[in-house]
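Take a look at the structures below.
Both complexes below contain subunit A, partnered by subunit B and then by subunit C.
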Partner chain A sequence: MAQVAVRKIRKSFDRTDVLRGVDLDIAHGEFISLVGPSGCGKSTLLRVIAGLETQTDGDVLIGEQNVNGVRASRRDLAMVFQSYALYPHLSVFDNIAVPLRMRRLNAWQRLPVAGRLVPGVRRIDREIGAEVERVAALLGLADLLGRKPGQLSGGQRQRVAVGRAIVRHPKAFLLDEPLSNLDAKLRVHMRAEIAQLHRRLGATFIYVTHDQAEAMTMSDRIAVMMAGNIVQVGTPDEIYSHPRDIRVAEFIGSPKINILPGRVEAEGRVVVLGLPLDQRVDAAPGTAVRVGIRPEAVRPTSGSEPAWKGSVGYVENLGSEVFVHVEVGGVDEPVLVRLEPSEARAIAVGSPLALLPRPSAASFFDDRGHSLPVRPLAYRQAAHG
Partner chain B sequence: MSIATRLPRPAAIARHLVLLVLAAVTLLPFVWMISTSLKPQAEVFLSEIRWWPEKLHVVENYTAAFAKAPLLRFLLNGAVVTAAIFVLQVAVALPAAYALAKLRFRGRQTVFALVLFCVLIPPQAIAVPLFLLFHQLGILDSYAALIVPFTISVFGIFLMRQFFLGVPDDLVDAARMDGISEVGIVWRVMLPTAIPAVTAFGIFSVVAHWNDYFWPLIVLNSEPLFTPPLGVAAFRNAEAGTDYGPLMAAATVIIAPLVVAFLFAQRRFIEGIAFTGLK
Partner chain C sequence: MADVTLRQDAAVAARPGRRPARDISRLREQWTAIALSAPALFLMALLLIGPVAAVLVMSFTDYQLGASAIAFIGLENYRDLFSDRVFWTSLGNTLRYVAIVVPASVALGLGVALLIESGDSLKRFYRAVFFIPVMATLIAMAISWEYMLHPQFGLINLLLKKVGLAPHAWLTDPALALPTLAVIGIWQLFGFNMVLFLAGLVSIPRHLYDAAELDGVRSAWSRFWLVTWPMLGPVTMFVVIISAIRSFQVFDTVQVLTKGGPNKASEVLLYTMYSEGFEFFRSGRAAAIAVVFLAFVLTLTVIKARLIEKRVHYL
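After this line comes the complex of A and B, so read on.
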């Protein structure tokens, strides 16, 4: 059963179409990332699901219920914002308690002094206090409950924002780039914390990010958005290894995938820069194709077999891995090769280097950027032949 | 450090001279007022300038001030009127500013342009139509006549709207997700974050309406409703001619609350004018 689903969602601001008919089903307990370059509509989609933005057309379903026209506060969703959006005048305790107070107390009961005199309010207040403390303990905020947001570090504010979201057990969590205001080290740490939190709560998480690394490391599934559409939905592995669109291939993976020009020859065999590959595609001979090969799928070779001949333009040594930029005739951008430090020791800038792709590691795209199916039969022939 | 750098340079001397002259021009009337309030009638009209009277007439002048006119009543009127005006101005300006800054609706730009346009209308220009309107309504010569014209402060709406633009949209959205209504957002989220701006606006509003002479003079007849400036002016019309000692004593008394409030809120006041500390 889909916990959250959107059907043919369109959203226009004035004349600009931000969402162009988005369909997505999100299962109960799933961690799904909406990822894409800025301006692709991912945040708008999240805000439409939240009810903060009204779609121009289409349906939003939460727990099989159509929630079109239902106010944000009635959708029982919680959201964590990029800027944390904590109430600056309230303590950490009160910040986390707000959603509970708004739900369990009416306007009279919330009055500062008079409210306390209403029968039952003290009991509800005690329950709320206990729940806030439980959440604070879970997030390691117990010692900070009395502080104001201004006295907290970025990571602590982030935790308070998460605490405010989880305290009321919503149907789903919406996270809008929650880590992008943190420094790099803390971001990696919070990534692990959020993934852990998801496992512990078993709740549905919808996570918007422009950082493909966050999406890859945390998600059960990733939905890649481009120009107001979802281009591909799949597990991180599928998205990485079998991109359905050249834009997905280029967006996912760091460093970027190598895109090389190729041509289809007889029996779907693809020749790239003079080198025939071992994969065959379903396309007419003579078709021009673009071939995507990940940097780790390219190897230097010292043998005499046919290979791409080039010279080393630049070497990036990151310690644990080395990226070698190789200038190859016939392509404008250098071919990127990812190597172990031990493999890269002998490689010097300016020296010649011959490259070979790993077997069956390439993806193929037609002139519109759609991926071309690789023919399994042909593949077997190639492997045996 | 050489002595030369510690000595003020000519530019610095000039700057301080200018400031001293300006300060003197501003302060001298105040000093003269206080000085006169301490003098007996005979010393007020001396041809020499005497800052400190030979014969102190403090008790006489100040008791005369309180005896000749219900000064406390005037102060109370001033407090009631300025407080009511400020509270109502905030009650109108905050929701209006919130709508203009954070809600999307058709015609928002037009409404805001009208607000700006209204800032340009001098109160004197509409005094006569307002007077006639109040006459028709039969509310001339009442607290209402003093308060009602100022309840909608377009300057306040403009000031708060500019401040609200700086409040992140995320905060408003977070409040919506937490279940706070739009009205609730104005008072429970926007107001607490806007305290510096509200304070600044409050100072402008209170000073302006405490000192307002023009409008109360037009709409009031009954002395029990007089605001402090009007009350002081009443001394001049006293039958026995102008008695400057008690007049200045009364003026000192009615200015005192503002001066004391300024001293307490000095830091906020300067913040409000400089528009620092708003973030």
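After this line comes the complex of A and C, so read on.
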């Protein structure tokens, strides 16, 4: 187990730049997710770390050692593939045993019958068998050891793939969208199992996913990748509440964040659709900004104070929560509001609804999508001052 | 079949309670099915099943090509055949030929396919070069081989003399005739096997090699035994059986180069059949040899069907 770092990694396939100078430090024992839309380079970055792809430029360090010239099989990493990549002709037992056999036995000793005659091989085989059984018990695979992968369900195959990774003690675990081939229910279950496994092993996990919910629920830190770059690295909470880029704000969070047009006025005050907000930004007056407000940070109001006036276009009731789509003049997309079912009972499609943002809840982005620094201020003062 | 049933159900649902109409529509469907498959059935009967049945029947007669009389003589042809030394020599030679050609052409095909697949450049070129013998007319190629193998001024003996080795009478030495023909057979066949193996190699999922690398597989040897060879199982089975059937059919080279000689050293099953039927005009006996030949090929085909469906499929 060790820390992993990449420095200025570039990777081009022919003339397409897939990675454009990625820097990332991953601490020992950390669970970090690489998340981003498909094609952002996250899987390529993982394969570069694994040594399955050679970077065009830059360095990969594992445990402070530069492993640029070291081939994948000598980097001492384990990987769980999206397709599981189990050997279809081998039983579950043999699949899990492969990494141990490859490392502890040489080519002669691995021979099917003759190998067993070599002194010491039987003992090593017994040790390997014991370790495989221990891992199988840990993952609930004990009854399936004799089966072939073709006879297993998706979730069971996934467990075998995890078993093959954890049976030896690699420096770090690389997981490439391991849950994306599972159905929704099983995915939630395996999410918890993998997080638990991480706590138990205390090992470094690098987890690639396009599913922001997986990244949010499991990770110590998230690295959001866009178009071959890491746009932001931070804890799930930081990424969610303080996105540094409008693409991060839009990618993380479900349903999507509301993006509203705003304008900076005197003293950095921001006015959105005629309503001054309580936050001030460091930008020149007259600057157009885009304002991100999460659906749960918008409240309906019945008071007489200034508010966004709109009409309810659509109500999505999910049981535990309700999403209300409100058509507001001045924006193309409806403003999304997340409410408790009890709050939403009186809201009917077509009826007018006035909305207010919660205090200090907005993020601001300039025309290039970078976030603008915020100076918080009391809402009342901003509204009347 | 399922489709037909479905459409019947639809017809039933569309017209509830009208029994006669339903019966007529069912009848019409059955006749349509028969009418549609009739041309194929007719051609199969005419071109495949018919001739095989004819050969089988003929093998129980004393028919001679051109003769006006024909009589059933039961198993006489077979009894004759099994007591004939030439037949046993011929069968033995054929099996020896198969035993040389199959392993060599399969191993060579696999080896060349692995080399081509692992290389970066000139893949198409190599593929084409090794496939040429498969496409070429074997009779014409056999004549080229005859010149190359000529004892006095053949290219091969000249080369051997150049490097100081003794020349051989490749096609007239009884000990060498069959192996020489086998080498030509391998040369002709392995390109075909190579193409099949190349297709098999391409279909092995890349991620298995990635997984093997992460699992600590370092040598090409280990990678081959852990991933390539098992994943090629179905292809290999297919290639072995096809090669066996094709080498059982060896005839062209024997006819052009040795005519079964010297002293029956290269007499093979199809050549014996040919000489019985078209040189000695004993059609009944030739038919009996054809039946023996068919029995071998049929056995191989059945083995192929069984193994490929049951044992070597993984996913």
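Criterion: the second predicted complex is superposed on the first by the 373 of 385 C-alpha atoms of A that agree within 3 Å, B and C clash if a C-alpha of one lies under 4 Å from a C-alpha of the other, contacts with A are read in each partner's own complex, and residues count from 1 in each chain.
Please note the rule applied: contacts are C-beta pairs under 8 Å (C-beta built on N, C-alpha and C of every residue); 3 or more make two chains touch, one makes a residue touch a chain.
On a predicted model such as this, the values are computed, not experimentally measured, just so you know.
Once the complexes are laid over each other on subunit A, subunit B and subunit C cannot both fit and instead clash.
Of the two partner chains placed by superposition, A:283 touches none, neither subunit B nor subunit C. By the touch criterion defined above, A:223 lies against neither subunit B nor subunit C after alignment on the C-alpha atoms of chain A. Contacts of A:148 after superposition: subunit C is touched, whereas subunit B is not reached. When both complexes are overlaid on chain A, the residue A:128 reaches neither subunit B nor subunit C. In the three-chain superposition model, subunit A touches both subunit B and subunit C at residues 47, 50, 52, 71-73, 77-79, 81, 83, 85-90, 98-99, 102-103, 164. Those residues of subunit B that touch subunit A in the shared complex are 168, 170-171, 173-180, 189, 192-193, 195.
The touching residues of subunit C, counted against subunit A in their complex, run 205, 207-208, 210-219, 221-222, 226-227, 230-231, 233, 314-315.
By the touch rule above, subunit A contacts subunit B in their complex via residues 47, 50, 52, 71-73, 77-79, 81-90, 98-99, 102-103, 164.
Residue ranges on subunit A touching subunit C, taken from their complex, read 47, 50-52, 71-74, 77-79, 81, 83, 85-90, 98-99, 102-103, 107, 110, 148, 150, 164.
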